[in-house]
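Okay, got some structures for you below.
Both complexes below contain subunit A, partnered by subunit B and then by subunit C.
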Partner chain A sequence: MIDTSDRSAMRAKFAPPAEKPRHAGMSRRSLLATAALLITTSGATAKVVTKVLPWRPNEAYPVPPVVPGGWLFFTAEEASVVDAIVDRLIPADELGPGAKDSGVTTFIDRQLTGPYGGHDWLYMQGPFSSNPLPTQGLQSPLTPRQQYRQGLAALAAYCKANFGGRGFADLSAEDKDRLLAGMEKGDVKFDGFSSRMLFNAVHANTMEGFFADPIYGGNKDMAGWKLIGFPGVRYDFRDVIDNPNKPYTLPPVGMQGQPAWGVR
Partner chain B sequence: MTRRLPRKDVVIVGLGWTGSIMALELCRAGLDVVAIERGPWRDTATDFNIGTAPDELRYAVRHDLFLRTRQETLTMRNNSSQTALPIRRWGSFLPGNGVGGAGSHWNGQTWRFLPDDFRIRSHMIERYGEGIMPEGHQIQDWPMSYDELEPFYDKFEYVAGISGKAGNIKGQIQPGGNPFEGARERDYPTPPMKQGYSQELFTKAAKELGLHPFPRPSANLSTGYTNPYGCSMAPCTYCGFCERFGCSNYSKSSPQTCVLPALVREPNFEARTECEVTKVKLSGDGKMATGVVYVDAIGEEWEQPADLVLLCAYGLFNVRLMLLSGIGKPYDPSTGEGVVGRNYAYQTGSGATAFFDNVNFNPFAAAGSLGAALDDYNSDNFDHGPHGFVGGASITNAYTNGRPIQYRPTPRGTPAWGSAWKKAVRETYQRVTNVGAQGSVMSYRANYLDLDPTYKDPLGRPLMRMTFDYQPNEIKMANWMAERCEAIAKAMGAKTTQINRLNTPWSTVPYQSTHNTGGTVTGNDPRTSVLNRYLQSWDVPNVFVMGASTFPQNAGYNPTGTVGALTYWALDAIQSKYLKSPGALVQQ
Partner chain C sequence: MSANVKTNWTGTRAWLRRMPMRRIVAATLLAMPAAALADSDNFVEAGRGRALVTAGDCVACHTAPGGKPFAGGLALQTPFGAIMTPNITPDNATGIGSWTADDFARAMHEGRRPNGTRLYPAFPYTYYTKVTRADSDAIFAYLRSLDPVSNSVDRNTLPFPFSIRSSMAVWNGMFFTAGEFKPDPNRSEEYNRGAYLVEGLGHCGACHTPLNALGANKADRYLQGGQIDSWTAPNITNDMQAGLGKWSVDDVVQYLKTGQARGVIASGPMKDVVENSTAKMPDADLKAMAVFLKDRGAAGGPAPTPVAASDGRMKVGEAIFVDTCAACHVRSGEGIARVFPKLAGATVVTQDDPASLIHIVITGGQAAATATHPTAPTMPSFGYRLNDEQIAAVVTYVRNSWGNAASPVAADAVKAIRGKVTGPAD
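Let's turn to the complex of A and B:
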């Protein structure tokens, strides 16, 4: 029997955001028994490593696999719109499944509930500039969760006003693509929200979900990896280096193995 | 209230490559050493476990191993007329955090700078005259020569087990190696890595063009190896998860694989992790350091007295700690006076993308340092007279990885989404390769580091402000290099090529290079350097500073080989001179 009690603290690192104003996410060793907590001669508490590596077997920090089904962040209405967007960004076609069928909406939903969704690891102190240089990168005070919530509401209002009361999901494929192209360029003006910011968020997260390890809920059946021929996390390609310019024929493998290996 | 701990002989700030090497050697010299590291402890079996390590989203995209900007970041602007804003999400460079530092998640390209790089100012003026020096430059010679550093390059390469092929042993040019390199005493400790199909094409094409390709020196090991500290490494499996990741195979040289297993066995060594040093504490007259002050994981403040203080954090953060501690005069670009923060430099990236028909490059079979390179256009290995710029670039054909969230190139003009994108991304993945030029960046009056007037870290200390842009000299150089790369790409048999010129102005958004240099530069003149030739502070002689912040300007290479050599060089001076007679090793 493996004692896994230490790992609960490490798993908590990937749980929905626990605000840690300082040293965010770095307290996982605090419960480590081996050589970790030492009362020094003058009474100081510090994590101290001396004479032995602070290591015990079976102590890796896995990510909890996403279990599909339901929404943790999105409302059902929001999820149907995100489904409709990602379905146009990476459509199902003769080359294989698209983002919607590959679980990308579930991926985004779960990412938004974690530290990414709140920008928990990022510097979010003000003042926030209203006219940053393009070279200064991310300068918005809005977290991804706020971007989706506000952006999807603005998109819904835009569609209602411009497409006879219909929502995005009900538009024709041509209208969806035209609207998305306008959002991509920033030509479409939503009321109170940057259409480009919403497009960029969904586009980046769609690509992440379609090509990330299936453990995160997207890339179902490794559809993204199969599309381009990425063999996944085999972690040993010495055979490929020894056989240059040959097609690679083995199927991809994820961190949890292959679907054919069955549920673990 | 700050509480005072018992004195140590040596306190080291930061436990990466330079800190761990210093700690091990000084423990073996009989000193009591404490290393204070603001990130967590990390080891291979736990943190780089094979069941969790090859996770592109977690490590490459969400930056799990890196310093979190919430804890510390910099502000940036391109020139001093602009208002700097905080880098809220890392992009252009990725500072490390935790035990091992950036040395745990680097690619492993381990170069020696060329002999001319160390006296670039004198050399260029001697050969071409003052007229070739760029406007506003502050280029200066290094205070030590390649020949002086050679034994210490050798020492670092043998500790790290570097895989490569010598090009010049004791002045004898070696077939298959880099004929431009400085003379080395002996070959690399392990043979070069295997090369892929793309490198075969590159090597053949380069030779046909009269150039001199060779396998680039690599800290992803070609074979098993046991280093002089008794640490063992295993052969690289070309898994394609190096940069941004820890290595599960014990194949990538790092503090974890090469130093820490020996270091923790030293009874007089202690590491305190998750403790952030807030300043170096000085004596009343400011002429000696009495130790450091740090804040532990629960926010308690401590003073650690020590006789010797070694700043071994990532280069940028060594600069900031010097500024926050008041060691050395801060640089003022308006007068050109002061030294701390002066001569910040970086790296250029340019090149060409090559699209082929009917090939299987298998980009996923890769390693951080796998690749073929050539130095014909680096440093002053070619005649700069017709070109009118200073500097050069190493040119490389390499796959560091084929991880698809970040690596899925398509020809320029391809839509970013939809069926047309899907078709292009599928068709391109296997048949594209890149010829890249990693170029030098000179030092200029206008590029510098100082403390930001507005933005603070969570402890209330000012963030450091980076003012940087590529200057006309670098743009000219990098764009000329891109044309050289395109010529090679065409000679490789590419069906189509795309030239990739230097992106300007410098932006913090796309990843470019974690090769931030300067700010606490080494030199022979205290008016233009923070450190003397032994990396000892001119102002506070019991403070030494390690890392790339010591470079007077940057060369056309990755910095870690030179950082390692400088560490052993400074260590030698500490052991053979300073410990016998503590005080300034160079008189002003």
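Let's turn to the complex of A and C:
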């Protein structure tokens, strides 16, 4: 559980560097320290299991629920830009709330402070192809934390230079959409960073946040699930299957339940 | 009685293999204490004793988690403090190697050690006093056939004033009647055999009877249900509402033999009783116990009024049940035969004491695995997903749906049990 007393330490840990570093936004030492701070189940070392099963009966691995409020990785400036991007990717409309109102930025912020943010479970030593085949998967030494930090800085610089000193959040909806479309195609050239890499990161994480269980901070009130009719963490549908052509009426349920379970 | 030996014959193999060596050792080592040589050939006696030790489930308490069987060291939690169970292997220094059969019978019948000091009734001598001397000797003969295990146990862990063992003399005066089992001449031999097992070695009443403030079973509530380690030990009188009233003799036998009957599955401490003891007992003894329990009479509280379905707790509980429990226990509470326990009409669900329901929702649990039903279905724990209010609501719903009726459960009751079985909810 990340409680608020850890937050200032966490913010300091992930604060952007005062000067642009030569290689990455984070030294190996601080990354390791971060990993030690954040990772409860280390993926770094393989465990050899012999003679016994590597679990105990009735064990549960509860997810520490994300508590919304504040930012652990993003600066306020970065968060407002991510808010503005995700609000264009999945805008609120007549079908329901969009990504911004569903807490997707909080979801991304918390994911970036965890093992995902450091690609802790991926081989990250290279070599990396400069012209990879699509089948070669990830071909970059940059972790998600570095992609966001450097990519958002490059986007800010691009907007400042091309939109009369304004930031991304201050652009009109049309300008935002045009810029995002250009980033998606890679037509927009940022100084020192791939605009496409930033777009792909935010785009993928926005969908994840909008449709992941609300316990991770996004998909607030199961808005994403209600939109597509996903039933949530139910796993037995015999009663429904026995009633073909009748509407499915049960509300979605998350790992922490649903409103009819009462106030947590 | 020869039937007992025969039925347990196959399970005795490991013990049989050790016998020749033991006899050789006994014949050659003159340094062995005289007591070990007392029974020159106790093969049949020890075999009979082994079956009786199974019926008494001695291994359950006299074995520490991960420890050697019968070497003691389990901390029994009592309202007065923890009592460490003694080593009853024939080790001279740390076990009962220096005891005689008379010493052993005195412990069983009077709750006293060879030196006269008193045992605590956590050792159920209040029940074992009914065991015949012949059976006590057979049990002793079996225990002497075990490998001696050196395991020193601190036997004085109770705090003052309970540390004064002589105070048990007063306790015995209030709650203990010594004396072997007296068969009822007006009842069948089978009934009396069942009574002997249930009231003696089986010591069923130790858990299935509520305790008074001094830790004694309440005589006027005998077998009407109790609580052990935050699990409910249900009413096992023939009471229609809370007891075995709707169970047939065959149902009871099947439950004790397989851990399952009438759609319910043994869990908690009864799972261990079934696995270690009753599943290994001869069918004739199980039937005798069932006949006794069914015929001795009914006693229980008045039938409660069900909580109305319109109650707020019931509505919340229903939502949680449908979303969380119904996948296995089925929307109708019928469960799936032999895999997922039935909740509709299950007496453990509607006991006045809801401890087992709360406990298993918080921690999950595994059912008994027996030779006939080896699967041992598992219930996952929900303590991390449901808070005290939510568990109280879903348990109240289960206790008052599909024809069930039982008192509603308050969040405080859940909180109390959660505090004993896990840390607090987050």
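One rule holds for everything that comes next: the second predicted complex is superposed on the first by the 201 of 264 C-alpha atoms of A that agree within 3 Å, B and C clash if a C-alpha of one lies under 4 Å from a C-alpha of the other, contacts with A are read in each partner's own complex, and residues count from 1 in each chain.
FYI, a contact is a pair of C-beta atoms (placed from the backbone, for glycine too) under 8 Å apart; a residue touches a chain by one contact, two chains touch by 3 or more.
In this text, all values refer to a predicted model and were calculated from it rather than measured experimentally.
Novice: After superposition on the shared chain, which partner residues are touched by A:Leu95: those of subunit B (first), subunit C (second), both, or neither?
Specialist: first
Novice: Quick check for you: in the superposed arrangement, does A:Gly257 touch first (subunit B), second (subunit C), both or neither?
Specialist: After superposition on chain A, A:Gly257 lies in contact with subunit C alone.
Novice: Would you check which partner chain A:Asp236 touches, where first means subunit B only, second means subunit C only, and both and neither mean what they say?
Specialist: A:Asp236 contacts both subunit B and subunit C.
Novice: For the three-chain arrangement built by superposition, which of subunit B and subunit C touches the greater number of subunit A residues?
Specialist: B
Novice: Where on subunit A do the contacts with subunit B and the contacts with subunit C coincide?
Specialist: Residues 57, 59-60, 62, 234-236, 255 of subunit A touch both subunit B and subunit C.
Novice: In their complex, what parts of subunit B are in touch with subunit A?
Specialist: Its residues touching subunit A are 3-6, 38-41, 43, 45-47, 49-52, 54-58, 61-63, 68-71, 73, 76-78, 82-83, 85-89, 91, 98, 194-197, 200, 237-241, 248-249, 260-261, 264-265, 267, 269-276, 296-300, 302, 359-362, 364-366, 402-405, 408, 416-419, 421-423, 425-426, 429-430, 454-456, 458-459, 505-509.
Novice: Any idea which subunit A residues touch subunit C in the complex?
Specialist: Its residues touching subunit C are 1, 57-60, 62, 234-236, 239, 250, 253, 255-258, 260-262, 264.
Novice: Applying the document's contact rule, which stretches of subunit C touch subunit A when the two form their complex?
Specialist: Touching subunit A: residues 315-316, 319-320, 322-323, 326-328, 331, 363-366, 378-381, 383-387, 389-390, 393, 426 of subunit C.
Novice: Tell me, which parts of subunit A touch subunit B in their complex?
Specialist: Per the touch definition, subunit A meets subunit B at residues 21-30, 40-55, 57, 59-63, 88-91, 93, 95, 115-116, 119-125, 127, 129, 132-139, 177, 180, 184, 203, 206-208, 211-213, 215-216, 224-225, 227-231, 233-238, 240-242, 244-248, 255.
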